[in-house]
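As written, the chains take the letters A, B and C, and residue 1 is the first residue of each chain.
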Amino acid sequence: MLNSLPESPQVYLFGTCLIDTFYPKAGLDAIALLELAGYEVVFPQAQTCCGQPPYNSGFKAPALKIARQTIKLLSSKDIPVIVPSASCASMIKNHYPALFQKDTSDAQLAHNLSLRTFELIDFLADKLPYGQQLSFPHCKVTLHQSCSALREMGVASAWRAILEKLNNLEICFPENKQECCGFGGTFAVKSDAISAVMTEDKCQNLMATGGASILSGDMGCLMNIGEHIKFEGQADPCLHLASFLVKRFGLNHED
Amino acid sequence: MKTKFSKRIELALADSQLRMNFRGAMDFLRNKRQLAFNDVEEWQALRKKGAAIRQDAIQRLPELLTQLEHQCQQNGIHVHWAENGDEANKIILDIAQQHKAKQVIKGKSMATEEIELNDYLAKHDIECIESDMGEYIVQLDNEKPSHIIMPAIHKNTAQITDLFEKKLGTSTPSGDVDALIGVGRRILREKFEHADIGISGVNFAIADTGTLCLVENEGNGRLSTTAPPVHIALMGIEKVIPDIQALPTLQRLLTRSATGQHITSYLNLISSPRKQGELDGPREVHLVLLDNGRANISQDEKLQSTLACIRCGACMNHCPVYTRIGGHAYGSTYPGPIGQVVMPQIKGLKQEGELLDACSLNGACGEACPVEIDLPELIRTLRHRKQENSPAFWSKEAFIWFVWTKIHQHPWLYRQTTLLMAVFRTLDLNYPRGWARTRTIPKAAKMSLHRQVRERSKTKKKKENE
Amino acid sequence: MSEAKKAIFARLNQRRVSATKQDCKAPLATKHLNKTEAKNLLIEKLQENRAEVYSIPSSSWTETLTAIATERGYKTWLFGKNLSGAKTASKALESVSNEISVIQYDSDYETLREVLFHQVDVSVTSVKAAIAETGTLLLIPDKNEPRMMSLIPPVHIAILKQSDIVTSFQQIANNPPWQGKNMPTNILFISSPSKTADIQQTIAYGAHGPKKLIVLIIN
């Protein structure tokens, strides 16, 4: 073909089971942003969960089964894998390689996948056309840096950096910003008493900042925080960073 | 059904005074540490070196321990080996009985807590007095330490004032910490003057010179190891380091991580009993080397790094769970993240495995650890071991994960499940209950992401075809 | 070999884990301080840790002690035999007032115990070296200056020569002032008066050891 445009580079989106089932809008927003950055998004319909919940709960065998399947699924193309959740991204990037015996072909595949796996916001930080953002009146938002973003993935600074590039935006952090929100996957059910107290403290600190929205790149934390704030009878102020960015760039898609 | 641990957790969480004491103390200690390590590059370099020194020592335990024993003996220190707490207690009792000892004064030592030495000696009519101010306070109230560095951190000044009044009949002005410390000093000096035996722990033992290093602020460690005619030191076998060149790095990491101090008031290096012509110091020094599970840990590739610990307490100071429930709720010698890792290994997963649940794997402990112990990974590994060692096929949790795996292994089944969840999204559920105690139940979206992506590509194709 | 030792070594020697090379000697970034900087840093750090520091010319440490004695009324002084000017200082102190007495630590602890615990107000010792970075004094007690001197009396006066100040603990560890493996019975690194923060993180001085640490730096 003579007049065809050069093909856009492709990326996989690993949507995560939580976003898939409960917060699909965050997933669609992630796709919209990736497209804005010039990528063609491949979303394999056979994806399910990364396997982190049983893995962290002590059940390694189920995690191994799911990991094998996910690795296979995301290895047919040698392209970046984008995950809109730091915690799930870390499972694939940091924990998959450790699941397999060294020097096996599985380990090699896991290692290759690990190198190609990125947390969404970190991946996008230097790829968005910031000149194209709409102008907004002054607004204050609160950033919840998830534990996975801060530590295992080390992308919390990228989250902050991306917000700092937006106009008229004041970014607040809660007191004890480094502290866990109390989610921790099955921890919230198994150690419910402690988790509840941690969640209450975190929400209090978040709300005390007075930000209009609570933003994060980890939907697990946002679910925990949002559902507690609703439990207290208030409206859920939580928004995935992708959804916030989509508004800022005026990207609309049918819900 | 409530287990004992969960009961203790509920009680701790319901105690608002306790919660305030811990929150205040932990915030204080974290800030102090932060200030001491404000140079990030320096901290990372120091930490890397500290981790290497500890890892190297663990790998060379047989060699270093042999050297330590030999050199100590050359220096005139008696060396004893104990496979477990019982043996260590017996060795110490034997020494005490040989000297017809009635009163023992103790410097702070978590190893003696681990073997429950005080109770053991008390059963044999030997009084064992704690001389570290925090330990003394805790002992006075028939409690155990709630923190490995600051044993009485769960109490505030008012509570200690009351305790002294009740147990010692003193009356000190409210809020006057100096006066309280004055009371402790007066009582304990009397004990130092007359005790038959001094017992201490060991922070590091230098193999090539046969030297015991004790790190402290109060001077009670020095008194315990200098005033009584006999000094017995108890140490876990992992505390050995090759030479004195390794000490400055570890000392800096230890004191800064523990209390934010660049150095403690005293660093006390003991290499022998009183020599001919010297005028003070104990005439006999004994070193008891305690295994109690450590040798086996050293042979486990995934868990070996447990032994790198220098007992600074930074992991608990940074743990959001410890900060909420405090040390006693764990019901174990070592609380917090390091306790959750050590206790199941020395006492067995069956007995202490439940400690592992009280962790959200947030990683704050691992980040704070001055010798790079990946504590969250160790906790995760032990959770795996717990399931592998006693696979409870019939447990509710095992069943849930069995079903979960079936669903997530089959993308079609998975999609049907999310579809079902979407269909029944309006059901007013109140399960799981743990989640629901402080949160509403999230509702599935009308259409899953999978489905919306499918619809989207259909529309796209349609548009392209038009 | 004891049974316990045998069993422990059997476990340790299973060699189930392969060793990896560790870089234990990596040099850390160190400050380079000249003599004045080192002294100033030492003073700053010692003062941060509540030690009193006096920097004085060599001739005057006796005068400084007598001034302290006059000003604060310390009555019973304890000396060892390591300080070369001890005799002169003792005489000078005793001439300040007839209430002042000087004791020599010249018999064993068991004989002196009562006196040490209940009579001595202040002891004076030499210092082997000092670490500027952390504000730390290195004492190596011996038969001339026993261990208890810097521990039991409520006030400890330490006399340090400026030329003995080094920058870091690592320097001392790498070039120790003792002979190779022949370690002295006891080596002490002292950085402040005895203290504790065991009651609600509030620092209190004089927990068990000296309540006051006074350092005289002789130029």
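Convention: contacts are C-beta pairs under 8 Å (C-beta built on N, C-alpha and C of every residue); 3 or more make two chains touch, one makes a residue touch a chain.
This structure is a prediction, so every number in the text was calculated from the model and none was measured.
K.L.:
Just say which it is for the chain contacts: an open line, a closed ring, a star, complete, or other.
P.N.:
Basically the chains just string along in a line.
K.L.:
By mean C-alpha coordinates, which chain is most distant from chain A?
P.N.:
So the farthest one, by centre of C-alpha atoms, is C.
K.L.:
Quick check: how many Å separate the C-alpha centres of chain A and chain C?
P.N.:
Between these chains, centre-to-centre, one finds 55 Å.
K.L.:
Take the average of all CA coordinates in chain B, do the same for chain C, and state the distance between these two points in whole angstrom.
P.N.:
Measuring from centre to centre gives 31 Å for this pair.
K.L.:
Counting only residues that touch at least two other chains, what does the list for chain C look like?
P.N.:
Not one residue in chain C touches at least two other chains.
K.L.:
Which of the residues in chain B come into contact with chain C in the complex?
P.N.:
21, 24-25, 28-29, 41-42, 45-46, 48-49, 52-53, 55-56, 59-62, 65, 71, 75, 80-83, 87, 131-134, 137, 150-153, 155-157, 160, 177-178, 180-182, 184-185, 188-189, 192-193, 208-211, 217-220, 222-223, 226-227, 237, 242, 244-249, 251-252, 259, 262-275, 277-281, 289, 291, 295-296, 298-301, 304
K.L.:
Which part of chain A faces chain B closely enough to touch in the complex?
P.N.:
Within the complex, chain A touches chain B at residues 15, 17, 19-25, 27-28, 31, 43, 45-49, 51, 53-62, 65-66, 69, 147-148, 150-152, 178-180, 182-185, 187-200, 223-224, 227-228, 230-231, 253.
K.L.:
Spell out the part of chain B that touches chain A in their complex, as residue ranges.
P.N.:
Listed in rising order, the residues of chain B that touch chain A are 6, 9-10, 13, 320-321, 324-325, 356-364, 366-367, 380, 383-384, 386-388, 397-398, 401-402, 404-405, 407-409, 411, 414-415, 418, 421-422, 432-435, 437-445, 447-450, 452-454, 456.
K.L.:
Okay, in this complex, where on chain C does chain B touch?
P.N.:
2, 4-5, 7-9, 11-17, 19-20, 22-26, 28-29, 45, 49, 105-109, 112-113, 117, 133-136, 142-143, 146-148, 151, 168-170, 173-174, 176, 181, 183-202, 204, 206-210
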